[in-house]
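Below: a set of structures, written as structure tokens.
Look for subunit A in each of the two complexes below; its partner is subunit B in the first and subunit C in the second.
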Partner chain A sequence: MMIWLNQIIQGVLLGGYYALIACGLSFMFSVMRIINLAHGSLAILAAFGLFVLASRLGLSPFLGLLIVLPAMAAVGWLLQRTVLERSLRGGLLVPILSTFGLSIVIDNLLFQQFGADTRSLAPYIGDLSYSSWAITDDIDIGQLAVLTLAAAIVLLGGLQLFLTRTSLGRAIRATAEDPDTVGLIGIDARRVNATAAAIAMVTVGIAGAFLAMRATFNPYSGGQQLVFAFEAAVIGGAGSLWGTLGGGIVLGVAQSIGAQIDPQGFLITGHVVFLAVLFARLYPSRFALQLPRLRRQPA
Partner chain B sequence: MGGSVLTGMLHDGLTRRRMIAGGGVAGLAMAAGGRRAFAASENVLKIGFVSPRTGALAGFGQTDGYVLELARKSLAKGLTIGGKTYEVVILDRDSQSDPSRASQLAKTLINSDQVDLMLPISAPETINPVADACEAAGVPCLSTVMPWEAWYYGRGAKPGQPSPFKWTYHFGFGVHEFLETYVSQWSLIPTNRKVGVLYPNDADGNAIRHNLAPLLAAKGFTIVDPGPYEDGTDDFSAQIAVFKRAHCEIFNSFPLPPDFAAFWRQATQQGYARHVKICQVAKTGLFPSDITSLGRLGYNIASAAYWHKAFPYTSSLTGIGGEALANGYENETGKMWTQQLGASLALLDAGVTALQTSSDPKNKAAVAHALSVLKTITIAGKVDFTDGPVPNVSPGPIIGTQWVKAPPGSRFKLAYPVTEHATDPNVPIGAKLIPYNA
Partner chain C sequence: MNLLAVENLQARHGLLQAVRGVSFALHKGETLALVGANGAGKTTLLRTIAGAHPASGGRVRLNGTDIDDRPAHQRAAMGIALVPEGRKLFSRMTVEENLLLARAAGRPGRWTVDAVMQAFPNLQKRRRHLTAHLSGGEQQATAIGRALMTNPDVLLLDEVSLGLSPLVVDQVYAQLESLMASGTTILLVEQDLRRALRVADRVMCMLEGSIVLEGAARDLTREQVTEAYFGLGRATVAGIPA
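For the complex of A and B:
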């Protein structure tokens, strides 16, 4: 019994991590209609930024965020102006291609610069990456995992509030809905979109920091992380930020319960839940239980 | 000149990662193009060297640039074989850690470049497709750095039957060497002889589960196996609970490096790692960066090496020894030496010796025959195809080692002493194995 309870707790904590890395993906899709396939590579880019600050200047990754996050915001702004805006004009599919291309460019530039070495930020945060609170003999809760879950809740909740309660948030949503019409009421759609991209990249930077503290990374690690982020975002209903938190937790719990049933069950259970939710969404009328729709809902 | 390469690239589309790497290949082809005039003549020997320089296995290829530079320097004056002097051209290619890319490169090297000898290295993803292409085309091929069972049986040979391979040869460690090394290493510290094993559901993991685990059990170790897991698993709580309950004082794994980092941090979080006396990993922990990225948790992890700078041999091609090779690399790159340095150089040593001992290095059948009777000493030790467990294979050592904190004032954070030498007693032992939690 304790073992199952432990699996569920660890699954929830894992879910917090998935939600955190999915946040930027979900935000970009919901407010900018862009499926950003460079999401994972950009997170790794931020991780390398933090790594350089930590290894060369001895700056703790948490302090490093003070430098890396503004830099990521600038990256987001530039990206919107130079790549995303232009490709979005070519239709919904073009940004998928351009961000895919971007991910190749980022991966290989990082490889050119940093080589193939495996790296991690864990050595720079003392014993945080492996210390834990022992709840019982069978249940230990990792401190970093709890911090990750808390960060996910704060980040996703904060963004949700920002989008619903602030005028800039409302402007971002309105621009996503109809960029031409917002121009009529004096909103500069380009500016608003670039701001949204900057915000999205800040969340990607935070995701990169936690990814790099929790695990190891190298220049080609971005793609692997994209899969779970994507699944968490879809399970939660792409576009709903709170849903992304729920989606991450559903995915994490499904995986760890799957792993308890059979060690090979970890990935497959996650994928099955992902597909089940996806199909349930595609045929909503057939199910008595009406899940949130795949189409974007008011954030 | 680089035209065929470019057409090839356009042919399969400019896919992921290929743009930059492809540019490099085209550049090399053009550089080599100047020598095409010689290629028509009879006195140029071409060696294809295929290794993973980028992609998931790029850690293996990281040192190849340095090793190839040494080899090219030694070959600059050409090779004199049977009174005739040949110019030697090494065509090095990047498999991008991708089997289909490796296969395609091998075909280009065979058909367009017409190599006389193929030398693929490092992990099944690169070696097996290249060896298969050579076997099909009748091009002599020598490889190293993967368990030979996965090379021999993994490519269709059957136990007890004659070898189906005429052109391809492989040297280096196998399951038997792992067994000897682990039994020797794990007897260095008193434990309860209970081994928690974390073997993934992939080619290496399953080969080890079926071939190594029963042999370890026969040697008196209790194997606790929670079952195969999928590569890319993010949470190992279920496995950790099993190891904790069984109180396994020895831990053994053949994981991908990122999976091990995730596992070992969770094992520490959840209170398993503090019971472990020997943490013996393979496949990860080969290179210093795998261990450095674990921080303090990386100290005292036991490993096994297919080459070590303490190996007492010299390279037959370049004449340099282990220490000199390691120091040269550290001075040139500022990075800590890795075991791959000696393995890559050993492959070049053995390959060039095969060309030298063949009756006619331009005759592929003669070179293949020279491989089949090759008996030589490389920087990584003995290679002897006359006396293998199966034809086409020459088993090699894998010696027990440990990653420890380097003494103060050292150039690098880690030291990597030899702790046992069951598979090659010529290698001097550098330090006593210390318990993980010491």
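For the complex of A and C:
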């Protein structure tokens, strides 16, 4: 029993990371209707930025964020103005293709610069990478994992507050709903979208930092992170910030329980849950019709 | 000096020329009603003036300044506010949030959220409700209030009575008339000729993208406007050629 409880707790904590990585993807989709396939690669770009600052300048990854996050914001702004905005004019499919191309460019530039070696920021954060709290004899909770979950909650909660309580947040929501009408009341939709892209990239930078602290990464790790982000965002209902947290946790718990059932079941269980949720979302009526029949079946 | 001057304005929808060389001037404190049948080009004309639709020719001046190359958000900041056809409220936001958004125009003036609530008392109790849940009249009041929150020099109103019951239209117009009485400059698109002739200082009639009739509301009869409205005889009034 304690083993299963432990797996669920570890799954919730892992879900914190997935929520973090999905946050930017969900935010960009809800605000700009863009599915950013370069999302994972951009997180890895931020991770490499922090790695360079830590390994060459001896800067703590947490201090390094003070440099990397503004740089990621600038990347987001430029990306919106130079790639995404133009791509969107060609319809919803073009940004998917252009960001896919961008991910290939980023991956290969990182490979050219850093080679294929696997790296991690764990050596630069001291005890935090392995310290844990023993809750019972069978359950230990990693401090970094708790910090990651806390960061996800603070980030998603902060974004939610920002969107509902500030004038820029309201402008972002209004632009997401009707980019043509906002101009009539004095809002520059281009500027708002570029700002939103910058904010999304800041969240990507934070996710990249936690990825690099809790695991290893190489120039081609972005694809895997994109899959996790996509699954968490879809499970949580793409575009909903608190839903993204829930989606990340569901994915994390599914993977954790899958790993307990079978060591090879870690990824596949997550994918199965994702597909089940996707199916339920795509065919809600059919799914709803089946439910009463399923409920009536004897155990 | 004219507050708004439109000279030989043209606008297209693809191959269709929706606005054909329209010229007119709007004076401070004046209410000008623009009437015409569906497809006459009224909405396109208003959207082009507001910068929401590209002009294919001509000029628009506000307070003597050319605004042809200004995007919609800059025109709003300069003093043009459009209440679009269909209201176009942000449905996932509350009444108050819709109003607060318009502060982005950054124009100082008398219009605040509280001032809008005073002008449209029916919104007071709906202040924190999502606009998707409002009645048609409340939505129209919110749309007008949102435009007023930009503290405009010119208010462009596109078919404010569209989709509303006659009783609600009367309520909306009662509120508009108090705005007119306070000196707000208004360009009003209206399909109801009787109402247009009653509230406006001047009336213009559009047909197939052109102005076919223009004159002071007190000098025009309903029959004259109806004739121009449907293009019967292509009459001219006040020296404006058909």
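One rule holds in what follows: the second predicted complex is superposed on the first by the 284 of 299 C-alpha atoms of A that agree within 3 Å, B and C clash if a C-alpha of one lies under 4 Å from a C-alpha of the other, contacts with A are read in each partner's own complex, and residues count from 1 in each chain.
Quick note on the criterion: a residue touches a chain if its C-beta (ideal position, glycine included) is under 8 Å from a C-beta of that chain, and two chains touch if they have at least 3 such contacts.
Just so it is clear, the model here is predicted, and its values are computed rather than measured.
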- Of the two partner chains, subunit B (first) and subunit C (second), which one does A:167 touch, if any: first, second, both, or neither? second
- Task: Check whether A:39 is in contact with subunit B, with subunit C, with both or with neither, and answer first, second, both or neither.
- Result: neither
- Is A:224 in contact with subunit B, with subunit C, with both, or with neither (first, second, both, neither)? first
- Where does A:281 make contact in the superposed view: on subunit B (first), on subunit C (second), on both, or on neither? neither
- Task: In the overlay, answer first, second, both or neither for which of subunit B and subunit C A:118 touches.
- Result: first
- Note on the structure: Overlap of subunit B and subunit C contacts on subunit A, residues none
- subunit C-facing residues of subunit A, complex: 167, 170-171, 173-174, 177-178, 180-189
- Note on the structure: Residue set of subunit C touching subunit A in the complex reads 50-52, 71-73, 76-77, 81-82, 84, 88, 90-93, 97, 100-107, 146-147, 149-150
- Would you pull the subunit B residues touching subunit A in the complex into a rising list? 16-17, 19-21, 54-56, 58-59, 61-62, 201, 226-230, 232-239, 241, 257-258, 261-262, 265-266, 268-271, 273, 287, 289-290, 292-297
- subunit B-touching residues of subunit A, taken from the complex the two chains share: 3, 6-7, 10-11, 14, 17, 104, 107-108, 111-112, 115-120, 122-124, 127, 129-132, 134, 138, 140-143, 145, 214-218, 220-221, 224, 228, 252, 255-256, 259-260, 262-264, 266-268
